[in-house]
Structure formats: C-alpha cells, structure tokens
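A short worksheet on the structure shown next.
Naming follows writing order (A, B, C, D, E and F), and every chain is counted from residue 1.
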C-alpha cells in the first residue's frame, strides 16, 4: 500500500469510507461485532495480513506444541510486515483469546499497525497497558489452545462475516473495522478525505442553527458557500 | 407531556420506574440490548416521536435519494418536537447506523431530548464529541442506506422488543431504555420519586451496617424512622 | 479456602489460571458473556456461594413477597460468608437485574468478595457509586421479580455455561470470570504465580526487541537468563 | 394426578390449554424450541418427574462412571412413576443427546408417559422404531457424557425457558410442550374440553361458509345454536 | 396481479425466481426461517396482503377483546382478497401462534392463497387436517394474545428480514418464501418458466452421464441441442 | 479409505461412533445444526472432500461467472472421488443454497457418497426427487451466488463448528454428521460394530422387562449371557 494512501486512510473515518464504498455499489465490508478494546485508539489502516484458526479438535492438539514458533499464529506475529493489519478469523469464537499482552507487545515493537479479529483478546488489562490497538469480538481469559487449532495464514478469510483477502485495505476505529478492496483504496481515501472536509463545513452550518434541508446533503447554494470557505482557507469561524 | 412530569421522570431511575410499573402489573417495557453510547449521560425523558426503518431491498433504494429531505428519517430530524425522544425501530439491525454526528448535532440544536434505537449509531466519536445522549443497540460504520429503507414515522413501533406508541413516555439512563404507557407517566413519576427518597434512607441505614431484614423492604419501625428523617429535612447524617 | 491461596489467586490473572487449568486438561471453566460492570475492579477470588433463579411463572409470583427475607436471594445476601463470591444462575436472563445498589452495598458491608452472574445487574450507576465488584452478563432496569423466581441457593449451578459448585474457587477480573475445581485451587494459584513472574521477564525481553522465537515460550537459554534474573532480585532493569 | 384429569388432558390440545391458562392470567408456560421427534405422537399428559443436567466440566467426568446406575439420569429412568412425564433440563444443550433408544425402550416398558427436554435426543431412528413419544430441542449423535454432567433429579427446573416443578402437569403434542401449575390442572382440563367442543361446532359453521364475525368468538345467537347442537347429540351433519 | 402471471408464478420454483431476481440485481428477497408447515404443499403465489403484530404490552391487552372482529387480525382474515397471500410480521416471535385451524379454514373457504409468517402457527395438527398452505417460522401452542398485540394491516412490513409491501408478489414452496417487487413479477415469471424448461433438458443430459462442464451452464452446442429438443416437442426420451 | 472400513462405518450409527470417540477422549466431532434433508436416507460414510465458501462481497462477484467450471464449487462437483463425502463450509450461511437438484444429480451419477454442509440446500423438492443424501443446515431458495463467493477446495475447513480435513472420515445419518480423525476410522468402525451387537442384545433384554441396572451397561452376568447369545448365532428369540 502506497504510504500516501495509508496516511489518507488513517485520516478518514470508517463511517465515511463505508459511504464512499456504498456509492460505488459495495456494501458487504463492515465486520459485525468487531469493536475496539477501548474507545479512542488512533485509527489504524493498512494492508491485511491474514491468520486463520479452526475449531478445536482433541486429536489436533498437542500440549507440547503450545507456543510452537512454526504455528501459523507465531509465524504471523513474526512475519506480518510493519504497517500491515493482522486480521484473524475464528468463526466468531468469542470465548477464546487469539492473543494476549506479550504477543501484542511484540507486534507493537515490530511496527505492525494493529489487530482485527472476530474472536476474543485475552489479558485485556495487559494489552491496554501496552496500548496496542486491538479490535476484537470480545474479551476472554482462555488462550487460543483452549478452543482453536491452527488454520493457516495468508489465506482468504472471513472475519466478522466479511471476506478479507491478503492485501485488502483494512481500516478500524471507534465504529469498528471495515475492508476496502485493494484496487479501490486510493480512490476511496481521496474521495473520503474530500467528503469529510465538506462535512466539517456542514457541521459548522448546523451548529449555527441551519436546518439540514439544503445543507445536508448540500444544495447548489450550500456547495457554493463551501467552495468559498475552502478558498478562504477553511476559517474556524 | 406535562413539564412537571417530565422533570420528575428525569429525576427517577429506569430501575425505579420499572419497579413501579411492575407493581401495576406492567412488565414488558424494558428494551433489550439498548445501552447508552457512553456511561453517564444525564437521564433523558420525554414523549416518544417514532421513526421506523425496514430491511434493505435493492428496488427500494435509489442512490440519488440519499439524504432526501422528504424521507421519514430526515423529516423526523426536523419535525420531532423539542423535548421529545426520537425512538427508532430497525428490527435489531445493529450492523447499520441510523444516525451520525451531523444529525445528532441538528437534534441537539433543535432541543430534542435524545435518541433511543435498537439499531446502531455511526460516527460514534463524532456523536460523543457533540455530547448528545444516544441509546442504541450498537455502533457501526455503515449508513442506514447500507441496510435499511424508509419505514415511515409516527407509527406504533417495536424497539428492543418493546412496543412504543407516539406519545408514550420514554426514559433512558445507564440501565437502558424503558417505555411508560402515556396515561401512567404522571403517577409513576410521583411514586418513583417517593420510592427513591425512601431508598436513599435505606441505603443510609445499610451503609451504617444494618441488615436488610426489616430494612429493605422496610418494616413498620423502619418506615417510622424514615418518616422522622423526612420530617427532619432528610439530614445527610 | 485457605487465606494464602485466596491472596495468591487475587494476584494471578484469569488468563494465567485458564492456561494452568488447560495444562491439567481442564477447559470448560470460563463463563461466556460475563464481564465486569466497569474495567479495573481489583481482581476478586474466593469460594463460590451459589444462588439460583428460575424463569418467571405467574403463579409462582406474589407481589406481596417482593423482598421477602426468606427468599433465596435475600438469604444469600445475608448468609454468603465474608470472602466468598456470590455466583448467580439466571439461565442467561440478561434482561432482568439480579441485584441493585442497596443489595450491593449490603454485600460490601458484609465483606462478601464480589458478585458473578450470567444475568444482569440493575441500577448500574448506583452499584458503581458503591464501587462494589460485580461481573455480569449485562445491565437492565427491571428487578428480578420482573422475569425470575426463586430457584434455591447453595446448589450446584450453571453460570455462563459453566458448572459451579458451592466451594469451588471463582476468580474474576477484566477478562471475565472462571471457576477452579476446589481441589486444584492451591496448586493452580502457585503455578500461576510462577508463570506470571516468568512472563514479566519475557515481556521485558520482548520490549527490548527480542523475537518471540526462543523467548515465548522460553528455550533453555531464556530459562537460564530468567533464573539469573530471579536470583538477582528481579531488577526493573 | 387424578386419572380422570389425566385422561381429559390427553384429550385437549396444548393450544387450547394455553388459551385457558391465558384467560387465568398465566402466560409463561410454553417451552420454546421443544418439538415432537416426529409429528403425530398421541398427545401425552402427566405429572412432571424432573431430571437436571449441568454443563460438562472435565473434573466432574469419569469415563468409568458412564451408565452408573446411581446417576440421576439412570435413577430417573428406573424411578419415574408410570404415567409421569420425564422432563429434562439441559440449559438448551441441543448438541448432546439426553437419552437414546435403549433408555426410551425402558421408559416405555415401565409405562412412563413420555419425555420432554430442551436438550437433544440421540439415536433418533432407534427411538422412532421403539415408537416412544419424545419431545426435544433437537437431535444429536453424542451421548450426555459428551457435554453434560449430573445435575440432580426431582428438583425445580427450567426447560425451554419455563419453570417446571415436580408434580406440575405437563402436556405435549404437535404444537410442543406446556406446563400447567398442579392446582389448575383439573379446572383447565375441564374448561379446555368444553372449549374444544364449542370449537368443533364453530369449525362446522365456518366450513359451511359463515364469516367468523359473530361465530368465532361466538355471539349470543351462535351460542344458542351451539347449545341446540349439543342437546341434539352433536350430530355430524 | 394478472391471472396469467399468477399461474406462471405457481409453476416456477422459488429457487428459479431467486436466480432470476439475482440476475436483475435483486438479492434481499428470501425470508429467513420461513418454512412450510409440511413438505409438499402446492406452490402458492399471489399479491401480498399484509398484517402486522407488535410485541405484547400489558396495557394494550384486554381479555374481553380476544377475537374482536375489528382487530387487524380478524379484519385481515375477512378482507384479504381471494388469490392474495396473507403475510404476517411478528418480529420473529416464533413462540406465539398467529393463527390456528379455524382461521385457516376460514381463509381456505374464502379462497385466500395461503399464509406466510415469520411467527408461528398454532394447532398445527388442525391446520394440517384443513390442508391449508401455511409457511411459518415455527409451531407454538399459545395464541397471538399471549405475546403480541395489534400492529395494523396493509402496511409495509418486514417478514423474515425481508421488506414486503401490499401488492408485492409473494411465492412460497418447499424452499421457503420470497417476495418479488410488483413491477418485476410478470417478467420474472416468464424468464423463470423458460429457465426451468432449459433445466429440465439439462437434467436429462446429466442423468445420461454428461459432465456439467459445457452443460450447466450450457455452451452454444448444448443450447442448440436444447432448441432442437424444444422444437421436437420436448420428448420424454 | 479401505473398502472394508467404509462398509463397516455405513453399518454403525453416528451415536455409536460418537461414544467410541468419547471413550478415546475425542469429543469435538459432531456438526451442530446439520440434519438430513429428510429422515431415512441410508447412512453415508466416506473420506471428506472439502469445499469452502466465503461471504459475498460485491467486488468478488461477476454475474458472467455464474456456473464457471473453474470455480471451486464446480470443480468439487466434477472432481470429488466416487465414495467420498463432499463437505461444504459456509460459516453457517443457512439463507443461501450451496447446491440444487442438477448438481445433486451429477454427484449421484458420479458415485459421490453424499453431501454434508452447514449451509443450506436449494431446490429441496428436486433434490428429494433425485433421492440423493444431503445433510444440511437448512433449506433456502437463493443460489450460492446470492450470498457467498469462492473460498477454495480441499482445504481444512470448519463445518457446523467442527474442523474437517480432507481425508477425515465423515459419517452422517438421522442423528446428523460427525467426523472421525482419519487414523481412528478403522478402529472406531470395528469397536462400534461390536458395541451395536451388544446393544441389540441389551435392547432384547430390556424389551423383555429387565431393569437397566446390571444390563445397560452390562455387568459380568449380562456379559456372559451376551457371549452365549453371540455363540448361539444371535437368535431373534
């Protein structure tokens, strides 16, 4: 992902991106049930690095292999590139943590942008202490070994009911996490940035007491006033 | 709704109102899954103004009509009276936002008491920045157009599994949102206010180490002590 | 429960305890959907005192019996020993509160360690004001009488899909609540305490930029370094 | 339960009984998700004998105790009286069978009226071959030992979200299973029997082309005609 | 609805209609969880007549009004035109019956095409005895008065998560129920009829052992053979 | 899979196999929500051939590619070996059909043992007419293209919450579908066959009126009688 695109995506809300995708006929992009571990993380954006778990089965579990560096989970922790978003499929297993504080710390040190999963995170207090942006389907004490087995990495996955492919753009903020098809990322970032500037102007008008009629969405007159405001350097008031 | 009743309802918790309704044989009034966007909003109370969405269907959607001022949503934003509570039915569509920061700002400017919905709110950070009391089934990035179509306004609706009719009293606080049948609002507000005064006295006794037996609920002796406390001006200690 | 064991359990996270139980072949111990009323309560740990509700049935409800001191709920409030954890089964009735601020205050005064339930708590603002640690399936305004009837106390129960027997150790923190079979409590507390000391060392290494390979889980070299660190008095740096 | 009452209850549909209970203010009696293993079993009715399972926990399971005659399940199979209905609580564990063909056969031989559970039945083909009336939340291959442990017998239980006490009347047919508070059984049986006779008359009128207005529910004229029809010996036509 | 269109729709499966709508960009038309009361009813098709229930609330219920001919339910039973499909919204209340055998009989006598609901039907044995085509979300003993109140009729509704408007075409068979926007009904009926003729030919080829490659979907050669088969009068063999 | 093993597995119920696996410490093998399209199919057993769908996303759908022979679905239809069981992951998408009558017919012609999916089947009437054994999570009219996209084939998958790997043994009957780890298939088949012979003897005893105590499970005396019965050629009576 181009650095400029990534910066722009970090500056545009998932709400705005979602609207830009809707206008392009793309709806099925918002991950159900995925929320930030706490409100107010900086927005994250980057290409998806995917990790997949499968349901626990006794014969596929070996207690001696806990923490095996060859497992997909451990390889993802060490191999997901700096700037990427680690996206984890669990088939909605919110009763099992997919990572805890030490792995979150390692991802932070390695410069990975953040984690998005429809499963749970464990050691929530520790992860918050590390202050690493994690967006998950819940919080749970048990480790992945309690309810999941290795399902591979860098595969196409489903997360929160949404298909994510390695390299798709993923953006997450207080509204949750969405995926942007890779080839739309630049265009959506730009259009979203412009939409948000317009909405700042509109919010200013609404705050002054104007009705939304003719303002949101803007009619020609409002658009002209917006253009003048932009030309004037977007004055605070 | 009478101003005095509205003030009283703002001063009585939904927990207390629920108990007063239970004593009158009314149970089915608490909206499942509806929670404040953040803890600690001032309690809201007012007559319901209702808005209804229906599930998305491709032939009922026209991208050119996004933000149409004649839509039920936009009319509700401009027409819900100051002091009313905007209650929104979505059939539990928590993956789609029913309003965002600009519409919340407009409602705030217009003096609408707050919003209650079993759907989601979008642009959560923006709505919190506006500091407008919203009680919802969740948070989601996509706009209503992503998953909902117009279902009318000022109809009887279902919100959180509870029937709400225009003009019913709706109260919401950190425990969630409940509806009070319009003709019981004044009586329940008064009885609730009295119940909470009694409970402040009881809490004072329990804090001093008294068992709940004979105190909560109060026996004759406790009731007499309560009366004396009220007559003494409800001293802090 | 031995005081030393209880102290140790209060010092070990549910994530760590869960891993210690997993290593002993015990997986089915984490209560689904049970979360702290707010983040950051001190961790609670103690032997379970159990309370059970059953679904509401009109003929089993008598409005005159609200608050009956002979009910299982009220007896539990007065009889659960200091240091015990009150665990409440509701069959997942998250639309009905099992206790509110006055009962929480009474439990606090009595020295009961905290409350764990798969049902809801009501009067959340009041319970938070009392600052009593409650772990619940949700928040709801209605009282237990709205949707539940007496189901007994000090029985084996199911809470959050987990079997809890009177006297089992229950621990709860920001990751949720887990049960430890009574006869494993001491052993797990000790092993967990040791595991967390090791993980503090590992986190220190990872913070310094080391890969997790060979560190987490530790190989012989890392284990030796850990031993040296322990022998040196666990220096901060 | 009086034999006459039991016979009457076997002759009255759960739909009719539910309406008779509703008219007496009792609504919370129909077990959600409980259905006959196949359509068309003879309706069953009798006093409840209750059995309770709790969620599986590894330390409470002993492979050597499979089929232990002292378990609550096996005692229930041998001790539930002829004519009683065995009602089994599983907290909705529809992925685990609570009994199979051999136990069903034993219950049949012993004259137990039938089984009602919110869990699953296993060996469905075998149970159907035995032709024993079972009403369950589903069908599943695994035995109870796969996901459940002993939770006692002849306790008050919850089945399908409804409280059932030993001795309550339980009736089940193609519409599912309902409970009747013990002291209402005789009265409801009688009133239900009368209601169904009236509805046979009404159905006859409707089949002849009459509007439901004035007929269902019946006005005075229709009631008079009904009386005449009864006095005439309820002629087929 | 034109009689010819209605006849054609009765002859085309919901699977085929769904594919025809998909090819026209319409996906959100299949009602989740709605199934025939038994397999093998003749397929029903007709314009929707809508009925809406809302959740039960004690103050909106009057036992004396049970069966009130002025209620929306009773008016729908008497007023839905012959040939129409009665579609009933319950917000997924599968624990409450929306109609039973007598009302089904009346609808049959009046020539109403059938019933589709996301709620339950009661008196299943009786409705099956009447042999009236009902497609529902489940079976339950209690009457609508047990859990629902009047929500109006001939409104736009949501049924099984799909928006249905009065006059939309509704088709139901063993695969469930779908809605066709009114202005697409004729076109879809025709195209669906043609698709099914083609698929009969394809099935004939596949039964003879041909691979689906080039056959399903058909390539030019297969299309030519199909044309020849049609021209030859669609010989059985 | 060895032919003898496959024959044995077809002769042993999933209930019995599940018990044999439980005795070997394997529990997580029964697919939740997967049921036969109708009761009474011959039991199917064979090595898994896996197919995976992912959630629909607009940019991954091309209407011109419907039926593309290079898609994983079509390749699975043509490539799954005779005798194998086609197992399809949909993440529980029961509102979308994964195959219909023509593809079922092709699988039948090709000798594929049957289909198991946690998604839906469409054209249920047609599939039943073909009389091909399908075990699914439901029935729905829409085609896979309505809600799913290609997710690959012959991958490890999750079906009904159970991990299935290509080559694992899958068995399905009226109790649903289970997976047997490949290397346990022969042993479990043999032990299951023996268990069922014993249970036939036990059922004979129970039918004659014997208590289950000492019989089920059998004590030494019963085991001796069983041995004698086997030695006598398993006489009917």
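In the analysis below, contacts are C-beta pairs under 8 Å (C-beta built on N, C-alpha and C of every residue); 3 or more make two chains touch, one makes a residue touch a chain.
Small disclaimer: the values here were computed from a predicted structure and weren't measured.
Listed by label, the chains touching chain C and chain F alike are A, D. More than half of the residue-numbered contact pairs at D-F reappear in one of the options B-E, D-E or A-F, namely D-E. Relative orientation of chain E and chain F, expressed as the C-alpha superposition rotation angle, is 120° to the nearest 5.
Using the mean of the Cα atoms as each chain's centre, the chain most removed from chain F is B.
Although chain A and chain F carry the same sequence, what matters here is overlap: shared residue numbers make up over half of all numbers found at their interface. If each chain is reduced to the centroid of its CA atoms, chain A and chain D end up 49 Å from each other.
Centre-to-centre, using mean CA coordinates, chain C is 38 Å away from chain D.
Taking each chain's centre as the average of its CA atoms, chain A and chain C sit 31 Å apart. Counting partner chains per residue, chain F shows two or more touched chains at residues 27, 29. Chain-to-chain contact here is organised irregularly, matching neither a line nor a ring nor a star, and falling short of all pairs touching. Every pair of chains that touch is listed here: A-B, A-C, A-F, B-C, B-E, C-D, D-E, D-F, E-F.
Contact residues of chain F toward chain E in the complex are 38, 63, 66-67, 69, 74, 77-78, 94-95, 97, 100-103, 105-106, 109, 122-126, 128, 139-143, 145-147. Note for the complex: chain D touches chain E at residues 13-15, 17-19, 22-23, 27, 30, 32, 35, 39-40, 173-176, 178, 199, 202-203, 206-207, 209, 211-214, 216-217. For chain C in complex with chain D, the residues that touch the partner chain are 25-29, 54-60, 91, 149, 151-152, 155-158, 161-163, 179, 181, 184.
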